[in-house]
Amino acid sequence: MKRGIQQYDVGDVFDDYLLIKSASKGMTSTGKPFMTLILQDHTGDIEAKLWDSSPEDERLYLPEHIVKVTGDITSYRGKSQLKVKQIRLTNDQDGVNVHDFVETAPIPQEEMIEVITQAMFEMENPNIQRITRHLVKKHQRAFLDYPAATKNHHDFVSGLAYHVVSMLRLAKSIAQLYPTLDKDLLYAGVILHDLGKTRELSGPVAPSYTIEGNLLGHITMMVEEIKEAAQELGIEGEEVVILQHMVLSHHSKAEWGSPKPPLVREAEILHYIDNIDAKMNMMDRALSKVAPGEYTERVFALDNRSFYKPLFEKSESVQSNS
Amino acid sequence: MKRGIQQYDVGDVFDDYLLIKSASKGMTSTGKPFMTLILQDHTGDIEAKLWDSSPEDERLYLPEHIVKVTGDITSYRGKSQLKVKQIRLTNDQDGVNVHDFVETAPIPQEEMIEVITQAMFEMENPNIQRITRHLVKKHQRAFLDYPAATKNHHDFVSGLAYHVVSMLRLAKSIAQLYPTLDKDLLYAGVILHDLGKTRELSGPVAPSYTIEGNLLGHITMMVEEIKEAAQELGIEGEEVVILQHMVLSHHSKAEWGSPKPPLVREAEILHYIDNIDAKMNMMDRALSKVAPGEYTERVFALDNRSFYKPLFEKSESVQSNS
Amino acid sequence: MKRGIQQYDVGDVFDDYLLIKSASKGMTSTGKPFMTLILQDHTGDIEAKLWDSSPEDERLYLPEHIVKVTGDITSYRGKSQLKVKQIRLTNDQDGVNVHDFVETAPIPQEEMIEVITQAMFEMENPNIQRITRHLVKKHQRAFLDYPAATKNHHDFVSGLAYHVVSMLRLAKSIAQLYPTLDKDLLYAGVILHDLGKTRELSGPVAPSYTIEGNLLGHITMMVEEIKEAAQELGIEGEEVVILQHMVLSHHSKAEWGSPKPPLVREAEILHYIDNIDAKMNMMDRALSKVAPGEYTERVFALDNRSFYKPLFEKSESVQSNS
Amino acid sequence: MKRGIQQYDVGDVFDDYLLIKSASKGMTSTGKPFMTLILQDHTGDIEAKLWDSSPEDERLYLPEHIVKVTGDITSYRGKSQLKVKQIRLTNDQDGVNVHDFVETAPIPQEEMIEVITQAMFEMENPNIQRITRHLVKKHQRAFLDYPAATKNHHDFVSGLAYHVVSMLRLAKSIAQLYPTLDKDLLYAGVILHDLGKTRELSGPVAPSYTIEGNLLGHITMMVEEIKEAAQELGIEGEEVVILQHMVLSHHSKAEWGSPKPPLVREAEILHYIDNIDAKMNMMDRALSKVAPGEYTERVFALDNRSFYKPLFEKSESVQSNS
Amino acid sequence: MKRGIQQYDVGDVFDDYLLIKSASKGMTSTGKPFMTLILQDHTGDIEAKLWDSSPEDERLYLPEHIVKVTGDITSYRGKSQLKVKQIRLTNDQDGVNVHDFVETAPIPQEEMIEVITQAMFEMENPNIQRITRHLVKKHQRAFLDYPAATKNHHDFVSGLAYHVVSMLRLAKSIAQLYPTLDKDLLYAGVILHDLGKTRELSGPVAPSYTIEGNLLGHITMMVEEIKEAAQELGIEGEEVVILQHMVLSHHSKAEWGSPKPPLVREAEILHYIDNIDAKMNMMDRALSKVAPGEYTERVFALDNRSFYKPLFEKSESVQSNS
Amino acid sequence: MKRGIQQYDVGDVFDDYLLIKSASKGMTSTGKPFMTLILQDHTGDIEAKLWDSSPEDERLYLPEHIVKVTGDITSYRGKSQLKVKQIRLTNDQDGVNVHDFVETAPIPQEEMIEVITQAMFEMENPNIQRITRHLVKKHQRAFLDYPAATKNHHDFVSGLAYHVVSMLRLAKSIAQLYPTLDKDLLYAGVILHDLGKTRELSGPVAPSYTIEGNLLGHITMMVEEIKEAAQELGIEGEEVVILQHMVLSHHSKAEWGSPKPPLVREAEILHYIDNIDAKMNMMDRALSKVAPGEYTERVFALDNRSFYKPLFEKSESVQSNS
């Protein structure tokens, strides 16, 4: 596999294609214009400086375009930086595709949808099953493409579905160990808990928050959609309000965004399953970058902790998103 | 007006009709059965003891029944208590009606609905107006009958509508003083903010929480209904999400039950209007029971404070619920 | 199986053996002496009143004795109470044994020690394995007998081992789903995390806190013992400090008793495994007492929540401690 | 009206008079001296850079002087900056006055003092009236000139009086709607609540904190002055301590600076009136800078929220400080 | 010395004089009147029950009267209780005096005033010295008689002066060890810090809060008096505001009642001296009641902790208030 | 005494020896390399810029080396900076020693060990004395060399011992004033409380955290060592657990790092002694840099407060570390 931007060291010369993630212009202390570009490939991103940029440059180099760049890898405040020497937009002859430059879940979408479909198939309560199927079908395209968040954990293409798939596997194990748990409720909760993200976020790549995402939030939106689904399907049992409650309470505490705490056994456990999977994703990602005997960088979403990788840990062959 | 239960002092003999608010049985330390009844009229309630009660008594004296009681007003741990000597259920000949025994808003329902209708009439934005009208109409009966809460403030028949009417008057004043406020949004927010209580609570008299009230809460339920109303009415503008946000954020902070803080000017002000009216209701109720130079009992919902009535305050003729 | 004290209703006559859990004397408001006994069998306990008790009674009826009691089940403040009519200490002829009156884990000790032994057997890191084995062996008797806590969760004979066994099963599942986790560390953390309780608590039945338990706590004591074990075994690798850290950080936050938060991946996950098992135990216990459509009593250690059992839940045949 | 500094865009050439708000010197990374000036007119301020400044420049360009500046509007880190090309101090021939360069309340001082005088005139309690009048008279000059704060809300010339005037209008409305409120107390509380700012802050323009302002705070200083005023006027009734309490408690909670919470009805309402007016000022200011469909910048004093202006809002003609 | 009420055990017969601290009437569950009296001598107090009390009893047995009582020491809910058999008011023939029944500081007032006078004498800064002297003189009677609090620590006659004397001794030691401390400021801070209690509390025996004590607090009142004293004495230096700040900030944090935190070195240390002396008083009092190897009862003002007295502690001969 | 780096002003030329505390490389916005060095002598440190640095420079100028530097003192963002003109490593001919460039305690080590030895000599309880002596002896070298912290207070060579010596003097005074305190326990607590820092930190100069320091913390490590010491010495009394508790609880609250709060009288007082000495050190250091009438810079570890030095304070001749 080709060397990714993350594998370059200070002093190296870079000469390859990259996707523009964001672009902004600035002025040096001596009054000269320049551009700051965040450029990425599937392994990560780097800040690039295009000194003495022209208005033409500012017009051309916009987010979501792919560029061919030549430059030097330097260091600024302890982080790598790419000092651009040559840059141009790509065209059809370059034969490059945006999908090659974004991080994506390590499992193919077909496999993920199969796991999800299987979980729904195993449900015995028809009301729970029908509502879940209805909503998965309604949002299927976005469900498979969207990230689970704009940052922190599973913030890559198909991150949402990948998070759900991991959680389903965990839910299955836990439901076997604790037979009082209602498997159907737990699976439905896992599948629906973050589905509102497909409306809260603007899209699968470099997402921002939508207006309704910002004013209402994904939890409220999905609670609402469960009701709508039930009405469309003519379902009236207590399953409806319980499913709404599962989604509503999955952040566990009011200060974390759930106006009601879990009041049903499966809702409490859903919160833990969500946490374990999100935290494993964040810890694995941070620890995969360091060697035994080292600390990770601080991880803001894990209370700003810096994790230690013990000396006796076998070096990981495990990779990327997991 | 007839003397109410609140006006009796220790040592008085009571002989009148009262409504049973709640009933429970107990056993004395020497093993004898008795009943504890909470009996009320329009002025308040009193704990009553029916010593040496029979199984027959337990079968007869149930909540929401009216009884004719004779007994002595005594004192127990600093609170008045009624020691029952004679008690019987009322019948048609007694000519008593449950409505004579419950506390109710000091303004007639007709006048309240008129104020609310007028506010809706003044709205200029047709989307806001139609959604508000639709929901008021849908819940009108309960809107006019329900209390605003099970305790703390406006916890009496028609308390919800009375609270809304007071808030509308305050909203009108504030909108005139601060012309940047969108009057339509503010009025709609006032009218809809607690309308979900009609589903959260079980009824107008001695309400408890419904299952969905407990698992979802009145805020989430009304946010959902605004969306439904818009769909039924075929309304699609940004007004829908803004109205939902007004209701969603009116508790102001996550730890007080709003998963999103106010992010729109009118939502911020709605929160203050709600607070001023609720607090005035609680303070007035507590202060109306004490003389100048005295402190009120501690009011739990006001951070457990005990308010002082200055010596130079004119004695209040103001009464009851206000 | 014989009817347990938990299965009696108000109005029933009780006539059977019970274990005295605690005993205290009192005086009625009219100056007459009485005794309050907490009496228990394997299904739970009940408060009993022995009116007009004599000094002889006070001398005889002491904790940990078994008595033969006849009396009526009454109700006081919503809780069942046993009004004692006849009571006497048991003797050899009664053929009763203290073990028949205490709640105990639903799995035999042999099975539990087998699961624990198997987990230690599977460890590949010899340092971790030897320290864990050493400490399990050192405390084996108490480990198998002690409760996991004085109240809240797993507060019964063998509760500690039962809690560890459930956690080991969960740890095994999670380690399989997330291969970056060091299975050895996770198993050792599960086995040792609460082992200090065998010094913090005074014994398996009706435990109180020891002086050192109160002044140092089970976490500090086990951290200390891991070091001692390593010294005795001549082990010096980083495994020692990592194991100490696993125990030290398993309460996750300073305000919950861990002076250091988890800084190693397995420590973070240990905290979640501990939580899921403890919470499932508490929720199951509370929910097993109510029917579908009902709420449980408030559970203090679960943020004082009252859980709801959905109407569509199949009625549980699952029992007692699980 | 002339274009103010706030109306210039990046790329424009600026050539006009500005007031120096603050001045500091620096050195570029290559060792060359420069000056950073904050320059303001009545519409706001801008950071200006004077590259290659001389010691003479540093001597001349001091705060509170007016300069004639020519330069280019550039952008640095998303904020406008003025790159100075020519600069000179103004002299009498320029015919400019410091008052033309500071933001000031949108109502003339005469009108403000009239509203305040009228409120005092309407007071019926002579003790409250005399103390209020005495203190307004004592601090009248500063009362009319000072800002209400150094930043956040009403931080402009006459901001304090303007804030009080708005609050008085709101107090009047509320007192009419809730007749149990003592109008005299409420008005006096409004007028006196922040009067201590005239000693806490150093002056009307670009104020800093005085030593006693920092060590005691405006609340403590005004509580003290109410007592002094009463002594000078020979007033002894309970009004004195109640007025002191109104000022002392108007921040509502200990952590916000009030050692006692409101314990009198009017003190509680004073806190809300203060909040509504301060928040309306902050929200209006932030929202006046954005178009419908946009978010404001984050407002630190409003819990760092970013407010949304709905698409259906009529564009505001409302202006300036209100 | 005569046996005090604290030295009686359950089962003993009591026959001696006691002071009525508080009196209230009640009714038994069977409707019979009784009185509850809190009776005290210099060693502590006890709850007494006067069964079947008459209206005459209620008229006679009022707080601050001394009674001759005969009765039995019984136990109720783990606390001693006195069941009154005979009771009468005392008269001149009894030869008893209220001062013999109240707890008081262990040092005579003359000695205490001498220590305080000496500290003032040692002050070198005349402004600090004169203000301190003026205020001590103004409140001298109450300063020597009042308790330092209504409960928790130094809650006995002369408790305030005793607390100040202990703090002065500690201040002297600390000032010697840390020569950068301004001795004069520190001594003045110690002497004045709680002097406002003489206005906050109603009197030396069984004090309650005065209206101004409740609405303003002792801190605000003393800050005000320092200013008044300076004005009367014609003192204008910065010492005035610094002394006010010492008193204002001595609770250290806003949530503990100080609107400004210590911003002067001596103010910070004053807070610690106050804490050490108050906590030593509370710990000594609680620990003096238990034997080595025992825990004290929970002390609410010490974060509800229960302190342990080590087995190797020499048994204390130290006594009572210290 | 030679002028230290702290005594230089902007505009001065510097030409002297300095110790490199840290070194990092950077690149200017125009792509030129430079080095940032933190250089220190016994009076403090300064940031130095070495423009146009070569790879050779980066290889040579490493932490803990002494350099001879010539350059100009300039100012950057309000802080002094040294613009390096000439720099070279020192050699034997320069006759400079690393000890001349580090801040160190103001008392010689011999005097400090004497005070500590004397305190141990005065102990009467042989168990406490022997454990303390054993641990002091075990860590003596580091005890006398290490700082008490990496920053905030006593962060200089021998800072730990100096902090202990000051605390011992304070402990002695307090033990005399409060005779119920067990002097032996208090002295032992003072001596041992931070001794674990000798394992938590990496060394006496420019210390960082060790792995075990980070994962366990100095408190846990010293608690463990007390147990080990007792075992080696064959001591078994309750003194062992009490000494462990003294160290364990000396941070007072869970959120400050003590899993158990002080539950023994001397533990509570130890916490206060530690605080007073640490805070005096921080306040003195900050206040020694400002003149009367000025504020100190904000001190992060003192809740970010800025302290005021009153105008009437005598100018301090007191110096450096005290």
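We just call them A, B, C, D, E and F in the order they show up, numbering each chain from 1.
FYI, contacts are C-beta pairs under 8 Å (C-beta built on N, C-alpha and C of every residue); 3 or more make two chains touch, one makes a residue touch a chain.
Computed from a predicted structure; not experimentally measured.
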* Asked: So which chains count as neighbours of both chain A and chain B?
  -> C, D
* Hop across touching chains from chain B and tell me the fewest hops that reach chain D. => 1
* To do: Could you tell me which pair, E-F or C-E, is linked by more C-beta pairs in contact?
  => E-F
* **From the options C-F, D-F or B-D, the pair that copies A-B, where over half of the contact pairs coincide** => C-F
* Structure fact -> Matching the CA atoms of chain A with those of chain D requires turning by an angle in degrees, to the nearest 5, of 120
* **Copies chain F and chain A - interface residue numbers shared by over half, same or different** => different
* Could you work out which chain's C-alpha centre is the most distant one from the centre of chain C? => D
* To do: Just give me the whole-number Å value for how far the CA centre of chain D lies from that of chain E.
  => 46
* Asked: Measuring from the mean C-alpha position of chain C to the mean C-alpha position of chain D, what distance in angstrom results?
  -> 61
* Pull out every residue in chain C that's touching 2 or more other chains. => 29, 211, 214-215, 238, 242, 263-264, 308
* Asked: Who touches whom among the chains?
  -> A-B, A-C, A-D, A-F, B-C, B-D, B-E, C-E, C-F, D-E, D-F, E-F
* Asked: Given the complex with chain E, which residues does chain C contribute to the contact?
  -> 24-27, 29-31, 211, 214-215
* Asked: Once bound in the complex, which stretches of chain F touch chain D?
  -> 28-29, 34, 51, 74-78, 83, 308
* Asked: Which part of chain A faces chain C closely enough to touch in the complex?
  -> 125, 127, 166, 169-170, 173-174, 177-182, 185, 237-239, 242, 261-265, 268-269, 272, 275-276, 279-280, 283-284, 287, 302-303, 305-313, 316, 318, 322
* Asked: Can you list the chain B residues touching chain A in their complex?
  -> 211-212, 214-217, 219-220, 223-224, 227-228, 238, 241-242, 244-245, 248, 254-260, 263-264
